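Look for subunit A in each of the two complexes below; its partner is subunit B in the first and subunit C in the second.
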Partner chain A sequence: MGLLDRLSRLLGLKKKEVHVLCLGLDNSGKTTIINKLKPSNAQSQDIVPTIGFSIEKFKSSSLSFTVFDMSGQGRYRNLWEHYYKDGQAIIFVIDSSDRLRMVVAKEELDTLLNHPDIKHRRIPILFFANKMDLRDAVTSVKVSQLLCLENIKDKPWHICASDAIKGEGLQEGVDWLQENTLQSDPGCEDMKR
Partner chain B sequence: MMAAASSSDSDSGKAESNDASSKWLDAHYDPMANIHTFSACLALADLHGDGEYKLVVGDLGPGGQQSRLKVFKGLRVLTESPLPALPAAAATFLIDQHEPRTPALAFASGPCVYVYKNLRPYFKFSLPQLPTNTLEQDLWNQAKEDQIDPLTLKEMLEGIREKADVPLSVQSLRFLQLERSEMEAFVNQHKSKAIRRQTVITTMTTLKKNLADEDAVSCLVLGTENKELLVLDPEAFTILAKMSLPSIPVFLEVSGQFDVEFRLAAACRNGNVYILRRDSKCPKYCIELSAQPVGLVRVNKVLVVGSTQDSLHGFTYKGKKLWTVQMPAAILTMNLLEQSSRGLQAVMAGLANGEVRIYRDKALLDIIRTPDAVTSLCFGRYGREDNTLIITTRGGGLIIKILKRTAVFVEGGGEVGPPPAQATKLSVPRKTRLYVDQTLREREAGTAMHRTFQTDLYLLRLRTARTYVQALESSLNPVSVTAREPLKLHAVVQGLGPTFKLTLHLQNTSTARPVLGLLVCFLYNEALYALPRAFFKVPLLVPGLSYPLETFVESLSDKGISDIIKVLVLREGQSAPLLSAHINMPVSEGLAAA
Partner chain C sequence: MDLHLHRADYLQVGVTSQKTMKLLPAARHGATQKVVVGDHDGVVLCFGMKKGEAVAVFKTLPGQKVARLELGGLLNMPQEKIFIAAGSEIRGFTKRGKQFLSFETNLTESIKAMHISGSDLFLSASYIYNHYCDCKDQHYYLSGDKINDVICLPAERVPRVTPVLACQDRLLRVLQGSDVVYEIEVPGPPTVLALHNGNGGDSGEDLVFGTSDGKLGLVQITASKPIHKWEIRNEKKRGGILCVDSFDIVGDGVKDVLVGRDDGTVEVYSFDSANEPVLRFDQVLSESVTSIQGGCVGKDGYDEIVLSTYSGWVTGLTTEPVHRESGPGEELKLNQEMQSKISSLRSELEHLQYKVLQEREKDQQASQSSKARSAAPSFSINDKFTLNTDDASYSLILEVQTAIDNVLIQSDVPIDLLDVDKNSAVVSFSSCDSESSDNFLLATYRCQANTTRLELKIRSIEGQYGTLQAYVTPRIHPKTCQVRQYLIRPLSLHQRSHCIDHDRPMNTLTLTGQFSFAEVHSWVVFCLPEVPEKPPAGECVTFHFQNTFLDTQLESTYRKGEGVFKSDNISTISILKDVLSKEATKKKINLNISYEINEGSVKHTLELIHPKLEYQLLLAKKVQLIDALKELQVHEGNTNFLIPEYRCILEEADQLQEEYKKQPAHLERLYGMITDLFIDKFKFKGTNVKTKVPLLLEILDSYDQNALIAFFDAA
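== the complex of A and B ==
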């Protein structure tokens, strides 16, 4: 197995694997985004609210992503922190049309950033200001303002406006994620060590 | 007063959540939302069955005029439609078992309940008519056949109003209010109509029919102005049960299920809370409050009543008092806070000082400060968030707060130790060297000091008595001392000059004896002042009234000299004045002086 692995990597057939956490409130579109990033023959047709979490895989041009698609419902949110250690990158999805719960998203983001497993690691965070197609959606600039993203100083982050049903804006985000995951920590080392 | 205020602050400081560690997230604040309502007219429900809960508001309108039904989705108004009359209460409930389980919305206003489904008018339930007085009916029948003229009709109706046990109809009551000229037209217009007597809904709540589940079918429970409680069938809107109360219900609280066993608590306008059971047609227990109730909330098995005396009382369902908590300000509204994930039930009280206090039994759990007095509160699932608190303020503002996922309510009110007033130092004045020297001197020459002081005191008493007798002889005092003529006089000078207005206030201080035949005379230097009337009669003095008697004094001197004017009050036929007053006239600042 090990020999085969090394061989395939040498030949450029097997891509480097990255673990990604997909977080966000319930009904923000996490599963839909992950689904849309998969190859078209592997996409599922109907998306139902995630129970607990699910593990999905998708590939970009040079990386193979393993995504922990977490449930965002209030009662499952305490599961998130069990997977923080494994994450090499974070995708945080926000429902841009749910202005009411933007404060809840900010609260969850703040607890995420202050968690000991996350706080001292320079892991890239990709934000999706999702559901841009809806009538009362706010812009990605406004979302980053409401979530006070400018206060994140020690981690690379990027925000994309997206429409997960059509797939608009997703590729831009994945490209950024690939670039930053490669350069930030090739071996997923903690900054402290 | 100050100590009380500061101590109440300190006891709140423990439970209060400051910004950093607050249990609440500020989701929204709109001071211009223009919502004027109270807790009974707020409801949260999944009206479209899509998992997104909407807020339903029965808005009374800014001046209590244009009442409207408003439905909020997220932060904006989804629909707005006028209501036929001022809403008394709003409730959401499931009326059938069909899928999807979209709850119906009920608004009680006037004698009707308007039921909406999918935000469309669905059903209108009217209260049954009350029996009318047969005598009254006969009278109107006679009026219809012109056997009776309006005046006799009015007299006979008044007779019925005094005696009969069945009150008059609205039509007769309006007729009794009319002027004589309007009666004829009114009778002609209304005599052909049948008289009706209807009542008005004061309060409304829901009661589960036979299942305690969240999505079980519920019955409406109505309280009417006619001192009755009605339970309605959810599907057919027929009356399932009717209960009577000794007073008019204003707040209702129910628990249990209609088909199994239920308890109904009704807070009434007479300041009592009545408790009814399933089979009782009349109240089983009665809780007498010392003041009118302002809210009624059931927390687990305890009934919490807020009273106008700024306090919350906890009672059992058998009417036994458990506890009382005093509030720092008047309670404007109350509601239940139920956090199902942690199994917490607490009562929220919106106060006039802009605070929302949350209590579990006697323990203060949290204080939320708002910029304005809180008029309505509602806690529940809104949008997609389970623990949302909706607050509206007196100015029409809307505040939405979301309870943090990690927030845990703890009883932080355990204030121990002495009150803060004990820590302030007493302001005892310091004693200097001078004081010590003085005490030394007193110790050495105490006897001499005592003797000298006593001699001086004798002299003082003598002189006081002399002056007093002198004043009595010449009647110089402005208050008469004789029991026969109780009078009081004082004089006021107004103006800058050269013309002054001199007002004498004369008062008879006896209990019930008028004074007759008094005269007033002014003594003054005629070279300096001119008075149009220096001598006049006083009207009869009724006891207790102060009589202002005014004259105009003109200063004649151009050298700025001021003098004294004496006022004497005399009795006719006696030369000794009863009272007198001396007025020091001010220096004239007018043209004559310049």
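== the complex of A and C ==
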């Protein structure tokens, strides 16, 4: 890290960059959430199912996020683990109106947590209980029960109910994520590499 | 899909009447709406919710009690003008709070109900209905019984102006101009009317009505006759309906019916494929719901049911989820909003405590003064004393704006107070000596914390009449008490009906004498429940009644100088004869009483009693066996060896025992009625058979219908 970089960061001119993985089953709203977090002039109008993955960027008040927006379709899910190493934080999106596939989400979450690249790292995980505007949506508390989130002991986590179309609940989540990425690894991830 | 709604309390205003809260239409689709509410102090408040805080748009000065609040405006425009009825005056406000109309109607009584359609204004006071157009009197109607609500079919969809009056005598009166076109009979006194779907349904003629005994129905008001579409009978929900609205809260594209009741129940009925209403959601609040509306107040995009309660809470039942965020070990942590609410309440409380303490000290000192008088704080009591048809008992409901401390019940007639499951109050009966004082009953109900509503069940006996008094003390300082008086009428178990069976054997009682129509009417009011106090128009009037316990009937026809009472029960006639002659003596009027007894009527009444008595006796017999059978069941492990009859008893054991607990009273009541019938029958013949009563009781103990009838005939 050059002197100029450090100076500009101290002065708050350049924001620290963080790599985030956005995971979740297909049709849970990952791309919509990422899209909504971008500045309004950069937002796209149409959201189509993601093929493979795409890289998106957005900024919060003190961090600049680079997001790997992964496709959640069954055949692309094995792609996820290739990017685990680069992730400094995880956003896991759940469709809270889809009770039926909640178990599938739990399964994917368990495999994720037990993956050697993730298991021993203390990276923050942010859960979005998305689509809370739907009438049959379960509450975020209920989602955390269904996914047994209380069993995650060695990583900081947080669950937010969100409505990605209106953008409700996203800011609270990102604020939490920002606070926790700064706490958990003050730049050490870059040093390792 | 079930409906989950979360309660969010918004604001508290003063005590509210029925239908005094409305939501102003939203500026654009899905945006939050403003709430307008009027209270008993005459204050009209309009507010919106911003980040969980109520922000007032305008608030008027106190005045007369707001009886109704409706929205209106030009036809086919957003209905944004706010109209209130206070006293005998109508006032209109714009949505910004500017008063643009003040219309003094010059009615002698205060306005009870109001409907607004464009420039047409439909008003009703207790018995009077008036139709104004641009504040000019158009039509007038004097109803035979109290008017509870008034509505008009939508003018933009139905070519004729068709106001409908909901009257206390279980009728909907459909008017045209100043005349009744036809009357619709509904099951129970209607208290509220609303246009189905908010616009009158497919035809524009559909009307939803709710009754004070908790029934709901839909009638189509065509030009010549009513068409009943559906009705929801009220099996276990007791409360009377105070408000109805149409709103699609379920979100299936069809408007649902939202119902608020006086026992605090809020219900949502949606329509299935066959257009029949189905209960989708219900929630119980602790006080009566005075107005209900669907809309969006708390947060845009989330539909909710907004309601106002008697004590003035404006509350939302919203589809918005409550718990938005959580994390590890945050189960006990309160969210930010809650914490700020608690701290603000805490500081407010501290401030108030300090202030009250100061004022109290001042008051204490002032009360030493010999010239000063201490005034009692006034509070309002919302009470209802009604007859339940299905178990022939009265229910007395008292509701106060603050928590009740205790209620004293005093009665000078023998009555039974029954247990009500909903009550959490502790009851204590004081022993009373009916000889030295007139008290037959003295009971105190001490209420648990924060009870604002108390429901009592009272069982009276036909023929024993007098007053029942309730002394209500709320938890306010200084402690004061208000007394309410209720009449227990001689024929207290009779209910108004609209038709009777004329083929039954009838006993007739005829009164003639020098009395006016108003006098004889006042006697009938004294004797029978559900008769309007005001003498009806015309020279001659007929009322029909039905005994709720025995299903015997009474027809009363009277005019100036003559009254004819017909009943198939001798006891009814006998009670009437006693009471009427007593009343006449009081007024020093000479009455000629003649009666005509139908011999067959005694047998007829006994036949009506027979199935009830037999059922009670069978119940007693079954309950006797339960314990023994249960012991056998425990010992043998199964009941296969038992005869089917006993197995049947074992299966229904709990139910039978439950019923048996109420049984002694029922059996006693039936025995009392038979004894009365026996005495009355012979009294009309001029003999006194009181000595033979023990013999009759013996026969009843070993009940046999034929033996009983033989005894009635012989003795």
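Just so it is clear, the second predicted complex is superposed on the first by the 177 of 193 C-alpha atoms of A that agree within 3 Å, B and C clash if a C-alpha of one lies under 4 Å from a C-alpha of the other, contacts with A are read in each partner's own complex, and residues count from 1 in each chain.
Keep in mind that, in the parts below, a residue touches a chain if its C-beta (ideal position, glycine included) is under 8 Å from a C-beta of that chain, and two chains touch if they have at least 3 such contacts.
Model, not experiment: these values are computed from the prediction.
Peer 1: Consider subunit A as the common anchor and indicate whether subunit B and subunit C clash or fit when overlaid.
Peer 2: Aligned on subunit A, subunit C fits beside subunit B.
Peer 1: In the overlay, answer first, second, both or neither for which of subunit B and subunit C A:152 touches.
Peer 2: Only subunit C; A:152 stays clear of subunit B.
Peer 1: Taking the superposition on A as described, I'd like to know which of subunit B and subunit C A:98 touches: first, second, both or neither.
Peer 2: The answer is first: A:98 touches subunit B but not subunit C.
Peer 1: Quick one: is A:136 in contact with subunit B, with subunit C, with both, or with neither? Answer first, second, both or neither.
Peer 2: both
Peer 1: A:109 contacts which: subunit B (first), subunit C (second), both, neither?
Peer 2: Once the two structures are laid over each other on A, A:109 reaches no partner at all.
Peer 1: Quick check on the superposed pair: does A:161 touch subunit B, subunit C, both, or neither? Answer first, second, both or neither.
Peer 2: Only subunit C; A:161 stays clear of subunit B.
Peer 1: Once both complexes sit on top of each other, what is the least C-alpha distance from subunit B to subunit C, rounded to whole angstrom?
Peer 2: Between subunit B and subunit C, the shortest C-alpha distance works out to 7 Å.
Peer 1: Could you pull out which residues of subunit A sit against subunit B in one structure and against subunit C in the other?
Peer 2: 136
Peer 1: Inside the complex, what are the residues of subunit A that reach subunit C?
Peer 2: 132-133, 135-137, 139-141, 144, 149-150, 152-153, 156-161, 163, 166, 169, 172, 176
Peer 1: Which residues of subunit B touch subunit A in the complex?
Peer 2: Result: residues 25-28, 51, 74-76, 341, 382-386, 400, 402, 404-406 of subunit B touch subunit A.
Peer 1: How about subunit A: which of its residues touch subunit B in the complex?
Peer 2: Going through subunit A, the ones touching subunit B are 25-27, 74-75, 77-78, 97-104, 106-108, 111, 136.
Peer 1: Inside the complex, what are the residues of subunit C that reach subunit A?
Peer 2: Touching subunit A from subunit C are residues 1, 3, 250-251, 301-302, 319, 321-328.
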